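First the structure, then my questions, so here it is.
Every chain is named by a letter (A, B and C) in the order it is written, and numbering of its residues begins at 1.
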Amino acid sequence: MGNAPAQKREFVVKSRLLEPDDVRRALVRISHEIVERNKGTDDLVIVGIRTRGAPLADRIAASIADFEGADVPSGALDVTLYRDDVALRGPRNLEATTVPADLDGRNVVLVDDVLYTGRTIRAAFDAVLDLGRPRAIRLAVLVDRGHRELPIRADHVGKNLPTAASEIVKVHLQEIDGEDAVLIGEYRP
Amino acid sequence: MMKHLLSMDQLSSADIVTILDTAESLRSVTDRPIKKLPTLRGRTVCNLFYEASTRTRISFELAAKRLSADVINFSADSKSSVAKGESFKDTAWTLEAMGVDAIIVRHGSSGAPHQLSQWVKASVLNAGDGQHEHPTQALLDLYSMREHFKDLEGLKVAIVGDVLHSRVARSNVKGLVTMGADVILIGPPTLIPPQAATWGARIGYDLDEVLEEIDVCYLLRVQKERQSEQLFPSLREYAALWGLDSRRLARMKPEVLVMHPGPMNRGVEIGADVSESPRSIILDQVANGLAVRMSLLYLMLGGRSEDGEVFE
Amino acid sequence: MSRYLLRGGRVIDPASGVDERRDLLIEEGVVASTGATLDEAGAEVIDVAGAVVAPGLVDLHTHVREPGREDEETIASASAAAAAGGYTAICTMPNTDPIADSAAIVEKVWALGREAGLVEVVAAGALSKGQRGEKMADIGEMVRSVARVRLFTDDGHGVQNSLFARRVMEYLVTFDAIYAEHCEDEALAAGGMMHEGERSMALGMRGIPSEAEELMAARDIALAKLTGCRLHLLHISTAGTAEIVRRARAEGVRVTAEATPHHFSLTDAELESYDPNAKVNPPLRTEEDRAAIVGALADGTIDAIATDHAPHALEEKDVEFQYAPPGMVGLETSLALTLTELVHPGHISLTRAIELLSVGPSRILGLPQGGPLTSGDPAHVVVFDPDGEWTVDPARLRSLCKNTPFVGRKLRGRVLHTFFAGRLTVRDGVVLAGELV
């Protein structure tokens, strides 16, 4: 079927910007901001955008449970089918969308690892709106690296990282990559 | 990703797993209130049906619409279109000129989708050609079996009936053998020529002999219009020897699955009570067809990336 | 009429047992003389060093479409294609529209052949009226007509009724004419589109079993023994048929057989692309059958290579496989395929190739085409470069139809010149139609 894996380009790390403790502290701060902004945990739903937004959402929910003592539902959203660049990039394997219960009237916090062009977030808006009618959608990201192509702004940011367009920002998470870190580097062709 | 889907021969077991996994992800969409996805917005899919089959056409049409593709339906009786009017090739070129991205073709002549794929730039999806193949049926059948048995490897599947004239049987045998299942073809030699053994399936003439060992009993439709060809003495005798009735069902494993590609001849290849028993997943097959067809349309039309690159 | 001196060619003339470098002087329609080095004596000298000079080829099995479908092939266009292929005689099959089952039609075919003037056009007559296998065609009238028909066939169909086959054979003995059979038991072959076997099963196409051919071949041989009629089996395609013929000949039955270039070159693997141009009847068989046909061509079981040249318009072939009519054109590729598939790989000698393409078929039809090429014999001559490479290009075929699966194939063996009764019909590969009229 010609679905051979793409030739792996080598990723060359230029520097490590966030270490495990930085990631942890950023998530705790975001968790506090979310609760503050929401004036408590009522109607709050944390939804991570696959792939790396999903474990981040779970961690934020756990963190909130920690300091608020309240269970906040969290889930994961695969936005692949909503992307505007499906035709340009080729199909990827789909992952499950596991959004808790009903989104109608809830305050949905979308979580992603890196905010870049904003196109993933736009796709996520459509995906969420097809699942229900939330009262509000807010956005939390671990890293904002700039270069927006759409008028989208994060409500909660772990770290603002000015980057060159040629650079690649990679977030590593324990659950997927075996470590927590934010790396900056380039692909060597 | 493949450009055309013409035959199950094209698919490796990894390909089949990708298609079924994607279908599984898409299956959940059909359970939510808003059943539409924007994925194939701006793409045009044509259902080119030279054989009447409302079921398959509707399934493809719905699959394409769920993914927001525009759908054109073009139906023609293959015989009349040869006698008069536009040739198959002219029709293909007309569709090409209209800029369709995919042609889903059902045709009474074996190999017609293969020929079509050589004439057009659009993707061609075989929705059943003559007595050759019906790959989407096989994929939805594999999907349905996998829902019940996690692993298809080593699964014992009996395919019973008119293998000779059945495109469903050809595609299913190929798919099942690729997935490592143990396939037994059951029926009289008028319906199962010895060459079928080269597909990697076993051949048996006696259904009763295999009842206890099989996990899936896949019944093929008896094509009554073939009665004149003297393939067996009578429908009554066929039903007695190869029909699945409740007496035979009772002898099978409790978790056995009864499958049929439809439409059924109740009282011939399948007893009415068997088709309605909890062991029958015939209606699941229909529902799963939608998800599998969405999966294929997404995988084939979702992108034109030549190197199979995925998103970062 | 011109005089030509063919200088320095390798003359292969099986009828006189010659295979040596010698010159050939053609004059007044006949071979005037042959010898190691002939004097020019005012003749046009054609240097044919390195080429083979052989008796003109004879095709036992050509479908022209005149009368009836002149858009597909006229007798003139078939004659041009034949000359280009090195032929000096073709035997036209009677399944035209109307069917050649009466003196009027065969005389018309014969006359049109004369008019074209490029090859001898020998009309075959139908065995039965309308080729329906029920009533005898006007056999005696066709034999006695100016067309002097000597080969009768219902080609396209086998004669299904054994009693009818027997009666016709008996009747043909009157004229010592040939009963030629397209061996196919139609009940067994019904609906078949390709050879029945693993591949037809996998491709989902109704098959034609080998037995459909072999049963009729065996029946006809039994009837030929019974009646004493001369029997010719058209386009035999299976290992079984070859064996049946081999045994019958050992027993002394008067049976001859032909095989086509496509049956010794191709197998049913060709069908995997569903190319309607590979659809023929009898169908392309298995590799085992193909090899058996090659063996039977080599050991003398088969007497002739015949093209079964069957032109079909593009719109007829460019359809779904199931709806495409069987047949492919063959006059312009048969010599090259024989050389490429049989001679160059060493299955048969060049001499045997000329026997199969010229001497054998010419004997069956009783024509002078097959040699010998000695003094005073009619000058039906082909000159070919046995190693000349060329690629089959539909645009360059003279046949009005281009339906051949060999398009794009590189072949070894090229016709340089053809002489029909001493007249140059092809020079340097170019058909000289205009000069003849």
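In this text, a residue touches a chain if its C-beta (ideal position, glycine included) is under 8 Å from a C-beta of that chain, and two chains touch if they have at least 3 such contacts.
Just so we're clear, the structure is a prediction, and the values are computed from it rather than from any experiment.
Interchain contacts link the chains end to end along an open line, per the touch definition above. The central chain here, found by comparing per-chain C-alpha centres with the mean of all protein C-alpha atoms, is B. The distance from the centre of subunit A to the centre of subunit C, each centre being the mean of the chain's C-alpha atoms, comes to 75 Å.
Remark: subunit A and subunit B have CA centroids separated by 39 Å (rounded to whole angstrom). In whole angstrom, the spacing between the mean C-alpha positions of subunit B and subunit C is 46. Contact with two or more other chains is made by no residue of subunit C. Taken in their complex, subunit C has these residues touching subunit B: 197-198, 201-206, 273-274, 315, 318-323.
By the touch rule above, subunit B contacts subunit C in their complex via residues 78, 82, 87-89, 107-112, 114-115, 129-133, 164, 167, 170, 193, 195-196, 198-199.
Listed in rising order, the residues of subunit A touching subunit B in the complex are 1-7, 78, 80-83, 85-97, 126, 130-131, 168.
The part of subunit B that touches subunit A in the complex is made up of residues 1-2, 10-12, 14-15, 18, 21-22, 25-26, 28, 32, 34, 36-40, 43, 67, 298-299, 302-305, 307-312.
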